[in-house]
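Following this line, the structures themselves.
Below are two complexes that have chain A in common, paired first with chain B and then with chain C.
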Partner chain A sequence: MSHPRGRRPSRRQLLRGALAGGALVTLGLPWLEALAAGGGFPKRFGLFFWGNGNRPERWTPSGEGEGAAWALSDQLAPLAPVKSEITVVSGTSVKLPNLSPHYSGACGILSGAPYDEGNSSFTQPTLDQVIAGEIGGRARLYSSLQTAATDTLGDSWSGPGARNPAESDPYALYQRLFGDTFVEPGSGGLVDPRLGLRRSVLDAVSGQLTALRLRVGAADQIRLDQHLTGVRELEQRLARLQEDPPELDACVRPTSPDTSYPNLGGRPQIAERNQAMAQLLAMAMACDQTRVFAHFLSAPINDVLFEGASAGHHDLTHNEPGEQPEVHAITVQCVEHLSTFLQELRSVPEGDGTLLDSCAVLATSEVSLGQTHSLDEMPIVIAGRAGGALRTDLHVRSVSAENASKVLLSLIRAMDIPSASFGIDEARVTESFTEIEA
Partner chain B sequence: MMLSLSLSLSLSLSLMSCSGPDPGPRWLAPGAPSPLRHLSPSQYSNAVQDLFEGVQLPSIQLPDDPKVGAFDHMASAQSPNPLWIEAVQAAAVRITDAAMEQPGPWLPCPDDGGPDPRACGHAVVRDLARRAFRRPLTPEEIALYLGFFEDQLAGSGSFRVALQLALQAILNAPEFLYLLEITPDPGSGPRIPLAGHELAARLSFTLWNTLPDERLLTAAITGALDTADGVEAEAWRMLEDPRITQGVLRFHHLWLDLGDLDESFSRNPVRYPSWDPSWVPSLQDETAALVWRVFDGPKPTLSSLLLDPQTDADRVIAELYGVAEGPGPVPSGRAGILTRPAWLTAKANLINPSPVQRGAWILERMLCAPPAPPPAGAALNISDLQLATQGTNRERYSQHAADPACAGCHDAIDGLGFGFEHFDSVGIWNELDGDSPVDASGVIWVGDLAGTPFDGAVELSELLAGSETVHRCVARQWFRYAHGRVETEADAVILAQLEARFLETGGELPELLVELVRSETFRTRRAP
Partner chain C sequence: MPSISPAEATLRRLTEAEYLNTLGDLLGDGLLLPTALEPDVEIEGLLHVGAGQTALSPRGIEQYEDAAFLLAEQVVADPALRARVFPCDAPDPGCTEAFARTFGRLAWRRSLTPGELEQLEAIASEARAVLPGEPWAGHELVLAALLQSPHFLYRIELGAGGRFVGTELASRLSYLLWAGPPDEALLDAAEAGALEEAAALREQVQRMIADQRARRGLRAFFSELLGLHELDTLTKDPAIFVHYSDTLGASAREETLRTVEHLAFEQAGDYRDLLVTHTTFVDRQLAAIYEVPAPTLEGFGEVLLPPGPRAGLLGQVSFLARLAHPVSTSVTRRGEFVRQTLLCHEIPPPPADVDTSIPEASSDAQTMRDRVAIHLEDPACAGCHQITDPIGLGLEQFDGIGRFRTEEGTAPIDPGGDLDGVPFSDALGLGFVLRGHPDLPACLAQTWLAWAVGHPLTPSEGQLAGWHADGMALQGHQLLWLLEDLATSDAFRIAGSTLGGGR
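The block that comes next holds the complex of A and B.
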């Protein structure tokens, strides 16, 4: 991930070159000026989700408090390399009625709202979209990105019926982010001249959509408005791509992932796909292409055949007898994948620290004990300091089974978004989980 | 007799509480107009291939929309999300890149524009837009697209650049991507007749899963589609066109859930050491060939689909059946679509066949009585964990019947699914389950056959083939496929007519399709 700094032209050289060449070049000046003014690197938010929960009795860390006061559990052991950068919150609950096994939990923990079973839809924006709505637009290209390490659409929702489908193909994501439109900062690479032409196409399309929306009924207008918004965002992205990229030291073109990751012996290559996605997301943030992501290792109720498992994950949570050693082993794998993911974020240097320092990553699942679809003892790991807003190397246990939404409200506020509340109905909170806040 | 009657009655009553909600009213308020539909990924791929005939296009896979029931093109589940919009834009770039590399019939001049680049560009843009939008262009549209081409030509000085961008604009246009049905109505009724070109698009995307051809576009202009008889005449013509395979096979592919089989489809490697995902196309092709043989044959009926005894075995199918490669009858114990490896494999667990998946599919897709989800807290799932468990697969699943909370639904589900117990998770016939002879007996508990026992998949297929309930349900599935939405109460009269016609003709599928497209519902839209 490192690169020889000395070979890169300075910003001054770049500016001089731009002026001398006469080309229309705009640098991301406000961003750099904010940095120069000591504003630090931008805050980023991420969601890391896995399906089917954990085994709570082997999950909860021993001891409470900071540093040496707490120790990782069996299931959290793979997080040892990043222990100093995480906080574990144990003992909170999703307070909504558990009406749809798995989905009440997914909807509750991600959006603080009940699930609409009839329409198979979330009813409120998920946390990543709440945050993207406030800070996402400041990123250069995408207000948020959704990815998956298994074949799932994921559960990032902007509202009822409006899912943001996850990209589950690392190569496709690589093409979108680092394909022929990408110019490495300071590389002297030329901006693709066709970008402006593509923008002119989208400009024409915007015109068509605007005219058309007046001729359709109200319900269809909503759909065309969504389309128009999407096209305008795309236009804006192409416009940003025509500008020279901001001079971000950590931003380099990552190695291309494989073009495909076929299942091997019936098992998806989760580790490989997860790591590839982590590398791409890390670099997307280092290049300020986005500041918000939602990554789905696996989906609620997924029946993925994990490494070493004799059956699908969901099947095992209900049918493996006794203490469920296979379910435990799968949970450990999920935590290993989380650890890999966080280490990828940490491997990107930014200023005196790493990319992870400016992040808040919420890692969670839709239930605790999958066997009973329990919404108590929700598994919650938070990684990164959010630029100093969050404490780390910490285990906080809620003794009174507090509302899990409080943690989400803390994360929103850690992004410098002054929200008064999070969630609706029984999940609504107005107070955050202050123990994790710095 | 009395006993069995009262038994079936009481079970039917208890099963009523089992039946899940029909997805219809959940998605659309009764009487609501169908929302705007966009082209499904397969319709999009077929359409761009039609537009650039002869061009080797890159493989384009737009993001899928969630399914509603069997189908992946339902208006209620579609949304123009950012990923889809970006994919459409990127696809337009790649498709036009390929087209510009391969000038062919679509480009009536040399690829530098020849002696009169403007005239050539105008001709191509007008023709492509007309075919992509499925109608003559308005003067405003002509001005817009030709103006765009002119601007780009003036700006770039390159015919190729200007043309490629104009083509991209067409492929990104809402008039191409959406099935727009918005022509104002001169009358004042509750239903508005579709304009000729709107109906032509419904016809072609339903029957062919792609754009209209020139004859259909002409019929739309001449008024030939203004009457039910006119539509019927055109439909019969379309049924004779090779493109009908695209529509008919797409319906069956979705209805039978054959899309669940893909290149990464897995089976337990210990139980099925020879399973290879490369078998998937063989499985799908065998069933597709069956469907097409029936549809194109002398007796194109639903009954034939369920009972057709022929195969044309390739290496994989021959191995699965234990027969020689080539055309011939299927081995005993097999009949039509429900006894072929494609459906049997799609409806099975990694190790053991799943009477629940198979039975639930029949309830939902052939009897239109989808089972409700398990009650909250239902603890008993039948595990597919061990290779060598105690007893037979059937005995394990029979635990459902022991728990009254489960039996209400599972008698109906498993009663159908047990009929396929001879077929394992890759569709191979087995005489034994463990050490015991397979018991493939079952009972149908839903519909006109409620209370009827059967033994094995062939007997079950025969019963389903003769069932009025099944015929009504399949007509309903086609209705959903054709309209891109689930029926509402407002469709009851039309559906009854459609089902009656299907039954009268002895389940003739081409007759069903013609009746479907000539129906008032298909030819009109609800006033907004």
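The block that comes next holds the complex of A and C.
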């Protein structure tokens, strides 16, 4: 596999800001001001998704409540190293009609809205984009990032027909985040006259889009608006690159993944890719390059050959007989990868705590029992305290099969976004899942 | 010819293949092309339909911008490329302006307006001022600006007075016939108003079909029709399929595209023969799977498969391996493909809340036929699986990667069945039944027209496609005849309303 290329290696124009001295604009990030005022680190949100669900009878923890009152189940056992950092919510349901196998569930649990089968599209923004729309712009470079550990585009959507494709090649993600344009804290902004020229070109592109917008129908206007948003975000990113990066203790350029982790013997190197992506995302947040991510370990209906499995994951969920020990074992692997991912976030120190403390990570799948595409007993694990807004080391069981959207509304509010509701149709809620809120 | 009312015209983003073909035609060979691009989206089975509906992500915008500079930097850095791409060999404003005008016309597929040229000149002028040590900076920035413009990235074909005319029609034609941009001759004809005249239009279409680039266009369509892009991520368990390798998907795609190209261009053959032909093109890897001698050590060669069940598209790895599981076959997926893709039959999606498992192999149910019998007995499943599974069972003599076999476990495989009442005894027989199925040519015409216009067909457009299929039948079902007919069809030239549109 050839490596997708980042920007050209340091050209003659590429000089570090340190050489240019006081010509640089000093960046007054709200975060730094907040820190100076004792306001703590910025909140971050993440999604960790795996496909094809679980085996619910071996998923639900025993006991309810906090700390010693609850214990991890068979399938959740790999989360033991981070038990004190997580909350498990069991027993909730996606309330939408289950019309499209897997996708009704994926769309329901991620966006609280029905799936558009005819157009193969989500119909509302997914949770990561709802949150990115509010807090994403405060990050230095990217309002959100999407990654995957297998070959999938993921399911982060900004709206109908507007998917944010996931990057599944860690090397490419490294180049994008920590390649030639990366500047270590304290070394000043990038001095590259081309940055200004690129912004001039983007200005021209914006003008073309705006003019074109007047000539097209309503659906195209929305598409062009999204194009324009992307252009403006890129323009702003180029401007930020010219500014002095914030002084963040934990921010260092990580080691480059030395490979794109191609499939080996028909099986993806899922553990390696997952860990590499986790490390890159953790550092991207430590450097405030982004505050929102969506990470897809695998996709709905994926037929990935997991380690040790005798068939593809989706195939097994339907065709493995009995209690499905192989499906169980694959679910355990998915949870192991989640555990690794969370431990990577926790390994980054921030202030007196860790990066994970300021995060809320929602880990979930599109169904519970894959065999029947069940939307009851949805698998939900939340990690991190969202800067103190969420409780942890907790198992809450919903005895009345509450609407899973309530949990999502809690997460939105935990990001200090004062939303009155989340979801539409049967998935709509106005009350959050208060048991998990601190 | 039936009258039509088409769907609203929308902007069509260049697919990845079209984008790369366009760059190739504009800049020539020898450049490092971008590899990370906004992925295409399949809607209603076609990337072309997705390209008319989906929005570009912020990541995609970033990638196109990066690609534009990647290419512009390469061109200005290489004297040979500069000589090829620039109309004049002087790094002065006059040459930059000439370049913007001539290259811009090819890249945007129309002449640029004075205002657009002024905007580019302003960028060039700023570049010269900011980068005084780089004589070609003006050219570089103009090129980078042209290649990230919406006028390059989208096909802006909105129609005028209810018809596609002039340069809009030119780019519709070139992306239908070449999967690439118009050349100067086509743009000249378009800007002279020649495409509005039936004889001149047909002359252009015939010229374009006779051009080498038409092979690329045919490949692009069949690649989408047959879902061959999915072969990029083909996954098989090599412990079960010892003939699997990571390059098998690419080889299988090439086999199928060569087969189609050969039938259309070398043989001027009958489309329906794609279902029964024993002629195919294999490399060593595919030869091993088909158990025929490899025709060549390197690359692909033509072979005539021995008499037997393996023939046509349904005997090729691109179909058999793609529409199967990583460790086994899938009678449902194979049958679904035949129904939906080849015959345009609708199959409702499976209900979400049922257990869809099929029983595992046992002593009294060794073969897939025995095991799926339960689908066909349960009324909740039978409605759809009766439509798909009997077709797939006819192909069970090919395993999950496409190797021929006669037994599953120790039980013999019975590949017999019937398709819409016409019996067959094995895969070759199935191919012949399909070849004679009345829906086969109409389905091709419908899908090709949908690909050409970039939206799911309206009922009247579907009827017109059927009319074109009838015409093809009178011409021995020749593929290129149908293509010429579609390219000159009303369905391809009548524009749906955009502003205040409805259908």
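The rule we apply is simple: the second predicted complex is superposed on the first by the 389 of 438 C-alpha atoms of A that agree within 3 Å, B and C clash if a C-alpha of one lies under 4 Å from a C-alpha of the other, contacts with A are read in each partner's own complex, and residues count from 1 in each chain.
The rule is short, and it goes like this: a residue touches a chain if its C-beta (ideal position, glycine included) is under 8 Å from a C-beta of that chain, and two chains touch if they have at least 3 such contacts.
Note that this is a predicted model, so its numbers are computed, not measured.
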- [ ] Considering only the touch criterion stated at the top, classify A:S200 as touching first (chain B), second (chain C), both, or neither.
- [x] both
Open item on the list: With both complexes superposed on chain A, which partner does A:S84 reach: first (chain B), second (chain C), both or neither?
Closed with: neither
- [ ] Considering only the touch criterion stated at the top, classify A:T430 as touching first (chain B), second (chain C), both, or neither.
- [x] neither
TODO: Give the label of whichever partner, chain B or chain C, reaches more residues of chain A.
DONE: C
Task: Partner chain(s) touched by A:V304 [first = chain B, second = chain C, both, neither] - done: second
Open item on the list: Per the contact definition in the header, classify A:P262: touching chain B only (first), chain C only (second), both, or neither.
Closed with: both
Open item on the list: Going by the contact rule set out at the top, does A:S62 touch chain B (first), chain C (second), both, or neither?
Closed with: neither
Task: Interface residues of chain A shared between complexes with chain B and chain C - done: 98-99, 101, 118-120, 146, 153, 161-165, 167, 176, 197-198, 200-202, 204-205, 207-209, 212, 215-217, 219-220, 223-224, 226-227, 230-231, 233-234, 262-263, 265-267, 305, 310-312, 315, 318-320
Task: Complex contacts: residues of chain B adjacent to chain A - done: 21, 26-27, 32-33, 35-36, 63, 66, 79-86, 89-90, 92-93, 144, 148, 151-152, 156, 161, 165, 168-169, 172-175, 180, 182, 263-264, 266-269, 277, 350-351, 376, 379, 381-386, 528
- [ ] Enumerate the contact residues on chain A facing chain B in the complex.
- [x] 98-99, 101, 118-120, 146, 153, 161-165, 167, 176, 197-198, 200-202, 204-205, 207-209, 212, 215-220, 223-224, 226-227, 230-231, 233-234, 262-263, 265-268, 305, 310-312, 315-316, 318-320
Task: chain A to chain C touching residues, read off their complex - done: 2, 4-8, 13, 98-102, 104-105, 117-121, 142-143, 146, 151, 153, 158-159, 161-165, 167, 169, 172, 176, 193-194, 196-198, 200-202, 204-205, 207-209, 212, 215-217, 219-220, 222-224, 226-227, 229-231, 233-234, 262-263, 265-267, 303-305, 310-312, 315, 318-321, 371-374
Task: List of chain C residues in touch with chain A within their complex - done: 8-11, 32, 34-36, 38-39, 41-44, 50, 53-62, 65-66, 69-70, 73, 119-120, 123, 126-127, 130-131, 141, 144-145, 148-151, 156, 158, 233, 235-239, 244, 246, 325-328, 349-360, 498-499, 501
